[in-house]
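Chain naming follows the written order as A, B and C, and within any one chain the residues start at number 1.
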Amino acid sequence: MRICRLGGWLLAGTAGAALLSLAVIPTPAQAPAAYKALKTKDGKPNLNGIWQANNEANWDIRPHAAYAGPVYTLGAAYSTPAGLGVVDGGELPYKPEAAAKQKDNFTNRLKLDPEIKCYMGGVPRSTYMPYPFQIVQGTGTIMFVYEYAGAVRVINMGAPTKAPADSWMGWSNGHWEGESLVVDVTSLNDSTWFDRAGNWHSDALHVIERYTAIGPDALQYEATIDDPKVFTRQWKMGMPLYRRLEKNAQILEYKCVEFAEEVLYGHLRKQPLQGKGDSK
Amino acid sequence: MRRQLLSTLIALVAVVLLVSAPVVAQTGAQASVTAKPAPAAKAWTMPRTPDGKPDLQGVYSNATTIPVARPANLGAKEFYDSEADKAATAAAAAGGRGGRGGAARPAAAADPEGNGLAVHYDTSQFGLGGPTVKRAASLRTSIITGPEGRVPAVLPEVAKAAQDRRAYQQAHQWDSAQNRPLAERCITWGFEGPPMMPVGYNSTLEIVQGQGYVGIVQEMIHDTRIIPTDGRPHGPAEIKRWMGDSVGHWEGDTLVVETVNYNPLVVIQGQQVSDAAKVTERFTRVDADTITYQFTVDDPKVWVKPFSGEYNMVHIDGGLYEYACHEGNYGMANNLSGARATEKK
Amino acid sequence: MRNKLALVLAGAGILLAVAPVWAHHAFAAEFDEKRPLKLQGVVTKWELVNPHSWIHLDVKGPDGKITPWMVEGGSPNSLFRNGFTKESLPEGTEIIVEGYRAKDGADRAVGANLTYAKDGKRLFMGGSAPGSNGDGK
């Protein structure tokens, strides 16, 4: 608060009191409020439900103004809307050569974005793609079912285990810390991105997620990102996840392979499609 | 307590028969499966989830050596008398045409299609379908139950349509990715169903029960079914799904799931299903390691009558491994590229 | 297709319940049964992906020139279930591949039989412990 010191303290005090008198909705960078979730019958925070992020992170996780999309014929419809960003501190701590590669990814995103090919979104991107996912909270395992490309993760809630090899959705070991579900995700392959803007990672990526209820219909999601091959230090992202409240809300199928086949294999057709590049 | 004694008696018989088979309560064509699975071989209590429902959770193999259709020479015989009987039948069949009812031929056997084992990788090197795979014991002669043990005939117009499609496919099978089978495109493997059918390899699934839902992940190809058990109706009929639209409810200790609204390209037992298709499944845990899975397929626009099947799935250690088919599908590009190269010759 | 299924499961003595397992992959289109080959090379990468794993090899020709090859194998998921991991075929391992060449002429093959150059033992056989495969890990 860049006003005179006394005024500043007065203002801060008032604002603080006002904030405290409300149920505090945390900003992305803050710790969750002291809301206590309803419990499942086995005494755990009940995270069952259909959830969805409501932000622009899948476009670009960094703070950004609106900018043009890569396909001019899609005009404004596939342009990138502005976003406050979901990265704590705003900036991604890329190593210099990694920052250069991100710029390259961005320039060539039409060719390189795995989302265009219907490749699974990995972690954390699957969390904030603009489609719902469902948490089915069992005893001993918790299932996360994402609509996009039918991606799924089964979180092991028992003694941690190790992955035999890398995978698109990684290997998840979870445990409870008070009100939070903490998921340690390792063995992610290097082929997913953080967003459509080419923000990327290596196969050294290690993500620690926290899911904490902040109200009956909202969770706070935080992910700590550690990738020593790409970034100079750890960094965090955070965002609310909102419950889909429609009656009979459900995960629908988004098996997108058939929508990506022309992009991937069209050049191997026996006869090229008429009006190449247009929709049918 | 009396039931306990009777149960034990039945259990002893069941042990001899390597129980996984229900007593078939109906005569004649089996229009729907109502037979209850046989009780467990030893004293056992149904585990329950915290909300009191049967606990079906776990990781299972539904791999099997039982053929879908009963070998023709077995007629109405639904169960082998013993393991010895089963082995003898298999050996006899191996000497003949082989195929589904028979044992695999030895490695040195003739190669009628001219490709031979050698053009493929050796599956035994990768442990696929081999002896390390856990399978529920069973003396069933076929997955399809009833006196016929085979998928019924299809309506004449369906046979004609299928024939026309096959003819078209013959001429166009390499035109593009979209002309390839769904499994080759990594859209569906064809065994996810429902009904969920045993697969040649990686025939594993995991069941997780949350509040009001049963989630089932099948490894091939990471397809997840989320089955609501809160009594809701099916979704809109406009929304056709590759795995259909499933709703479930509990009947006693059995999970009953009904599925409708299949994507018109879905194939069940060799036929594209219609908008009238309805599949009913029943899941019953019968002991600490085993779930009996029963299904009925009813599509009056395709088959002349419904048909039912049953098999057991058995608990395995460990979990599922990701089968990210599409992401690693070099084969599609390679196949099309090979086809284009062949045409140039 | 049915016959091919029976053949590929030969030796395992398995009755297979369902429609052909390999229907998902028309090998006849991708690989040429009239072009068998034998490669000896050094593993540079092992792609543990589905539906097929791929072993990348550097193969030294008689002229000393090194050609990178890709060799197709089976789904790795059963290997994982049998205790193998990405460490089970390290870079630098020398292997011999007997297989068939890709139809489109690329340096690609399907590996029908994979053995260690060192002792002739088959890859991934000999039980579930990686060390028992003769690679001395």
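Following the convention adopted for this analysis, a residue touches a chain if its C-beta (ideal position, glycine included) is under 8 Å from a C-beta of that chain, and two chains touch if they have at least 3 such contacts.
These numbers were taken from a predicted model, which means no experiment stands behind them.
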- Note on the structure: With centres defined as the mean of Cα atoms, the chain at greatest distance from subunit C is chain A
- Work out per-chain C-alpha centres and flag the one nearest the whole-protein C-alpha centre. B
- Note on the structure: Taking each chain's centre as the mean of its CA atoms, subunit A sits from subunit B at a distance in Å of 35
- Inter-centroid spacing, subunit C versus subunit B (mean Cα positions, whole Å): 28
- Message: Counting only residues that touch at least two other chains, what does the list for subunit A look like?
- Response: 164
- Would you give the residues of subunit B that are in contact with at least 2 other chains, written as numbers and ranges? 174, 186, 321-322, 324, 327, 337, 339-340
- Note on the structure: Shared-interface residues of subunit C (touching two or more other chains) are 76, 79-80
- Which residues, counting only subunit C, touch subunit B once they are in their complex? 2-31, 33, 36, 47, 49-54, 72-82, 98-100, 102-106, 108, 110-114, 122-125, 128
- Query: Contact residues on subunit B for subunit A in the complex?
  - Reply: 49-51, 55, 57, 174-178, 185-188, 206, 208-213, 215, 217, 222-224, 226, 228, 232-233, 235, 239, 241-243, 319-322, 324, 326-327, 332-333, 336-337, 339-340, 343
- Message: Give the list of subunit C residues in touch with subunit A in this complex.
- Response: 48, 76, 79-80, 84-86
- Message: For the complex, give me every residue of subunit A touching subunit B.
- Response: 40-42, 46, 48, 118-120, 134-143, 145, 149-152, 154, 156, 161, 164, 167-169, 191, 248, 250-253, 255, 257-258, 260-261, 264-266, 268-271
- Task: Enumerate the contact residues on subunit B facing subunit C in the complex.
- Result: 64-68, 90, 98-107, 109, 111-133, 143, 174, 180-181, 183-184, 186, 189-191, 197-202, 219, 221, 270, 318, 321-325, 327-331, 334-335, 337-342
